[in-house]
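Structures incoming, each one as structure tokens.
The following pair of complexes shares a single chain, subunit A, combined with subunit B in the former and subunit C in the latter.
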Partner chain A sequence: MVIEFLIKLVQGIGIGALALATGLLFGGIARKIMARIQRRYGPPFTQNFIDLFKLFSKSSVSHGWAFDLGLVAGFAPMLAALMFLPIGSFTLLPSDSSLIMIIYLMMMAYLGMAMGVLASGNPNSAIGMSRALMLMAGYEVPFAAVIFSVYLFSKTGYLTQIVAMQSGGFMNWNMVKMPLGFLAVEIALQGMLGEKPFDQAIAPAEIASGPMVELGGKYLGFGMIQHSVGLFLETGIVVDLFLGGAPNFWIFIAKQFVLYFIVVLVDAILPRLRVHEATSFFWKLPLFLGILQALIVIIQGGVINV
Partner chain B sequence: MSPLVALLIVPITGSAVAAIIQKYRIAERLVAFLTFSITFLFLLAIKSGDLFTWNLGFLGKNVEMGLQITPLSLFMLYITIAFGIVLTFYNLSEKSKMKSFLLLLTMAASNWIFMSNDMISFFFAWELMSWTSILMIFGGRREEEARHGALYYAMMSIGGSYSMLIGIFLLYNLTGTFSIQSNISYLMSLLATNPWWVLGIVSLFFAAFMVKSGIFPFHTWVPYTYGEAPDGFVPYLSSVMSKYGVYGFLIFLPLTLGAHVPSVLGLAWPNYVLLWFGSVTAVVGSVLAFMQDDVKKLFAYSSFGNLGFILAAIALFTPIGLTAGLFHAFNHLLFNGAIFITVIAVISKVGTTRMSEMGGLWQKMPLTFLTFFIGIAAAAGIPPFAGFGSKWMIFQAMISHGLIFATVLLFFASIASFLYLMRAFHAIFLGQLSHRYDNVKEVSSIGKITEGFLLAALVFFGIFPGFVLDPINSIVSSFGLKPLPTSGYEYINGFFSSVNMVSIFVVVIVAFIFGFLLFAVVAKHKKVSQDDNYTAGQIPQDWNLTPEMYQFSYDFYEPMDKEIAPFLKVKIDGFFKGFGQSVDYIGRAIKEIFTGNVQMYTYLTIGGLIVFIIAGWVVW
Partner chain C sequence: MSEWNEIVDYFRGRSMWMLHYCTGCGAIELPPTMTSRWDMERFGITPMATPRQADILLITGYLAIKTLKRVVYTYEQMQAPKWVLGFGSCTINGGIYWDSYNVIERLDKYIPVDIYIAGCMPRPEAILDAFVKLKEMVQKGEAKGYEKYVKNYEWYKANQDRVLKRTEPVLKRIEKVTKIG
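Entry: the complex of A and B
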């Protein structure tokens, strides 16, 4: 029992470290891609690692215990949610990999992060947070519609089983079977990751980086690892839902990268929308696609009569 | 004395004692607390299936009345009385104008509602509950508004009660008995021949239950009433009294209409309509909530929004739907109780209900802040707290029927609830602390114990949902449905998947420990005050920056208003106001008759007498 727990603990730390490294690496590559699109040389792709070490070694200011607790609470649930995600063929806790549970754990991370940055007492962070939440009211709705259609389609709520059902080649992937839903999730993913045109919450040069305005040193470091782990988690969920999971870790991150690459390219060419435009956009096209997908699944016989 | 009768006698006696000594606030509150505790002791002696009957001679007729305990009523009694104990304990240190004797009378009425076996005592208890709570609301903080709120509530309640009364007498006319069981079985037998007739009678009852639970379109009284009720009473209103409607719905829902009326997606259409009422209520409540500045009103909207979730789930009347609905009823009682108790604690300290005038209170009231935080986390449905399991089950129950539109609406309501909870959290506890509140202190030790207890309960019932799901399963089987499989206290078994809450809790705790370790080992930090803040290079003293100016909480979701504005044009409230005005107009017109002319009155009397005689002659 104890040994088992310790093994899981070590594995969990390993997963956390891998996810963090992947997220940071993705961030670094994204900076490089962005620079090349803008015809700059750009920082080295390891820049995010360097930044993180720098941030963690610099002293910083705190606005009190709620601030500290909030930043930790912004990171810890993300880490916890990661433990239920099927990564490649490996899932640390397969019996609890319920999708809605993972999504709600991620919400706890947002709640914690919000508590931390709002406790700083800076109105810029409050404006950023209000925007982030309004945006969330937008992208979560089409995302939910698609999740429910996947539930109905696969007749299970476990990510591990959803992945297992897609085994056996490209044609079995949910991406092929539910193209409209996949498209809706792709658009929602842009909002989830807070990339343009949905970067209203951060909005550099407008509201002083929004939620991050009072973060410095290790606090910014925590924000950064939260973002990196969140990036891994969100793209990972989409890979498991639509791209058939992966036989091993490397293919898994390759698939994640493809998703993220699209996000970065869209980010590079689009300007920022106003927040209410962004929210209502999510309630139009992506929600329409999501609901259409759900209706198709229902008509195909997805209804389970109890 | 049967313990069933004790459940009525003890609160009424306590109420009499409290009424006599109501001048002494502490003694009165203590009586309330002791009465609730003693009632709970009597409750322990009660088990499902207990029965107590007596006969009431009335106008030469013998009416059989009775008290009966079903698994559902036992569950409701336990959760409401237990919550009452917590609330009255907190109220020992609370200073609003709440009258304990009215609270105790409400409790007696509430126990009677849950136990009554015949429609006469059900109706009587229902009325007693309505009137005591209306009287209670008159004692609100702001006299004028409180009167308005109470009258609004009274009008809606009376409307609901009339509807229920007509239903009761229609049934009595048909069956010649007031017993709930016989009437339900009569309705069942009527189903095959006259489903529409059954539907009509049941709707009369449902109108009353919808009014009491604040289900759309009868939700308009809720914010006025909750907003103005005395602080010590609001948690009871929102946690306990909103559940009477749920109990009422569950009396009639076992009438399975499925085979006799057209169905939608395998669901009888009346159930489908009810489900939509629930979903719309959830959305209306959640969306209106995030536009409020008054904290009590915000949580009033939130309260009936959650009732919408419950109604949507129980309207399905499948094992998982019923379990989810009842589980959410319990969780709502718990987290809404925690939220409202912390909110009234804050209101009593800062003396205002406007959120834009608060802020930064976490520095002054750390335990209240933490309880509120866990409360909203539970309300938002975040694992591993109470509230997650039920929301998660509601979604599964809805999806398994393929009800995609209603499910998406409910999910939207759930996200919107996240929005208003964050807004309240920010506006009350986070951000800049005004200098007005420099002397604000944490709640008294009684308050601390209550808050600590609620905090622990939110975590405990989150990790061990089985302690609630077990009684719910026996309710589900008492309705003739197959309960969900159980596998230990830490499991929630849904339709699509099941989760082990203990393992989630352990993972979250380990992740937090890891987070704190990381936080501790990396570079040091020093604490700065809230004035030490980024101001874009400006010197705050130059433009007399005050904490109030540097707090952004008024109109927090202003950009959203543009998107929601078209929906706000539909004014349900306006409909009721217009109705009130036309009643007023008719009343004035009738008043014109009373001119003061005696001759006129004589004519009227004679005319009335003639009508009366003719009517009597025709009837007999």
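Entry: the complex of A and C
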């Protein structure tokens, strides 16, 4: 019993480290891609690892216990959500409600971060956080509609089973079976990752990087870790829901990277929207696609007879 | 322990985040340095939005006494391994403002400057040259301006106070004014 627990603990730490390394690598490659689009040479793709190392070697200043606690409360739910995510063929904690669990924990992470950065008392971080939460109210609605249709389609909330139902080739993927839902999630993912045109929360030239304004040194390092793990988690859940999961870890991160690559390309060409424009956009096109998909699933699946 | 410090210094030199305090005409040299023509991001140098996040404070151009106050605040908000670059001849000897009544002449009397970039204006090549030089100094462990500031704080503080007291609002000193009158 104790041995089993210890093995799970070590595996959990391993998954966390792997997610962090993948997220940092993706971020570094994205910087390189962005540089090449702008006809620059760009930093080395390991730059994010160097930045993280440097941040943890700096001194840092705290803004009270709520500030410290908020960073932990922002990071811990992300790690917890990773434990329920099927990564390749491996799931640390199989649970028959893992989908709901992950959605819930992802939202908790944002609320934890909000508590932390608002404790700093800087008006810019308050503006940034209010924008982040308003944007969340935007993209969570179409995302929830799509989750609802996946739930109805697969008749289960067990992610491993959803992945298993998509096995056996490209035509079985939910992306092909529910194209409208996939499109809605792809747009919502842009908002979740905070890339342009939905980067209102961390607009650097406008509100001095918003929530991160008072984070320095090790605290900013924690923010970077949180962003990287969040990147892994949010692309990972879309891979599991729509791209048929993966038989092993390498194919899993390859599929994640394809998703992230699209996000980066869109980020490179679009300007920033205003926050109310972004939210109302999420409540129009992606929500319409999501609800349409849910209706199609309901009619096809015979949940109600028309 | 010294090996560990060498590793830390090596990576600090490879990743330096910059806060640019643009007061004068020098700001115009920075967009070409950042964007595709000269691209400073290949050295791991990125502009940052706030002093908390930054490692380098780049002062471009002249500092009036009132702006000096803000620069000192900014410098003291930055986190410990931090470096200052003085850009242009205004930070070295006042430049064309050498005889102005409200502009400071030498920046390193008030905050410790690690590297000066001479010229009026220094070209983007000169800025990149300074960044590479700073990187070498950081990696050798020579750029210790922030430790100098802590050690000689009384001297810097006295210098700052000597000029900053001239920024006090005149109306608060009304009895002094009336005495003179």
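Just so we're on the same page, the second predicted complex is superposed on the first by the 300 of 306 C-alpha atoms of A that agree within 3 Å, B and C clash if a C-alpha of one lies under 4 Å from a C-alpha of the other, contacts with A are read in each partner's own complex, and residues count from 1 in each chain.
Simple rule for what comes next: contacts are C-beta pairs under 8 Å (C-beta built on N, C-alpha and C of every residue); 3 or more make two chains touch, one makes a residue touch a chain.
The model shown is predicted, which means the values in this text are computed figures rather than measured ones.
Undergrad: Of the partners subunit B and subunit C, which touch A:Tyr151 in the superposed model: first, second, both, neither?
TA: first
Undergrad: Identify the partner contact of A:Ser59: answer first if only subunit B is touched, second if only subunit C is, both if each is, neither if none is.
TA: In the superposition, A:Ser59 contacts both subunit B and subunit C.
Undergrad: In the superposed arrangement, does A:Asp51 touch subunit B (first), subunit C (second), both or neither?
TA: Once the two structures are laid over each other on A, A:Asp51 reaches subunit C alone.
Undergrad: With both complexes overlaid on chain A, does A:Leu220 touch subunit B (first), subunit C (second), both or neither?
TA: second
Undergrad: Return first, second, both or neither, reflecting whether A:Arg40 touches subunit B, subunit C, both chains, or no partner chain.
TA: Only subunit C is touched by A:Arg40; subunit B is not.
Undergrad: In the superposed arrangement, does subunit B or subunit C reach more residues of subunit A?
TA: B
Undergrad: If you stack the two complexes on chain A, which partner ends up touching A:Ala208: first (subunit B), second (subunit C), both, or neither?
TA: After superposition on chain A, A:Ala208 lies in contact with both partners, subunit B and subunit C.
Undergrad: If you stack the two complexes on chain A, which partner ends up touching A:Met136: first (subunit B), second (subunit C), both, or neither?
TA: In the superposition, A:Met136 contacts subunit B only.
Undergrad: Mind sorting out which residues of subunit A both subunit B and subunit C touch, each in its own complex?
TA: Correct list for subunit A: 57-61, 208, 213-214, 217.
Undergrad: Subunit C touches which residues of subunit A in the complex?
TA: Counting only subunit A, the residues touching subunit C are 31, 35, 38-44, 47, 50-51, 53-54, 57-61, 204-205, 208-209, 212-217, 220.
Undergrad: List the residues on subunit A that touch subunit B in their complex, please.
TA: 9, 12-13, 16, 56-66, 68, 71-73, 75-77, 79-80, 83-84, 93, 95-101, 104-105, 107-108, 111, 114-115, 118-124, 126-127, 129-131, 133-134, 136-137, 140-141, 144-145, 148-149, 151-152, 155-158, 208, 213-214, 217-219, 221-222, 274-276, 279-280, 283, 287, 290-291, 294-295, 298, 302-306
Undergrad: Which residues of subunit C touch subunit A once you look at their complex with the stated criterion?
TA: For this pair, the touching residues of subunit C are 8, 11-12, 14-15, 17, 35-36, 39, 41-44, 48-53, 55, 78-81.
Undergrad: Under the definition above, what is the set of subunit B residues touching subunit A in their complex?
TA: 265-266, 318-320, 360, 362-363, 366, 369, 373, 376-377, 380-383, 388, 392, 395-396, 399-402, 404-405, 407-408, 411-412, 415-416, 418-419, 422-423, 425-426, 430-433, 494-500, 503-504, 507-508, 510-512, 514-516, 519, 522-528, 530, 532-534, 536, 547, 550-553, 556-557, 559-560, 562-563
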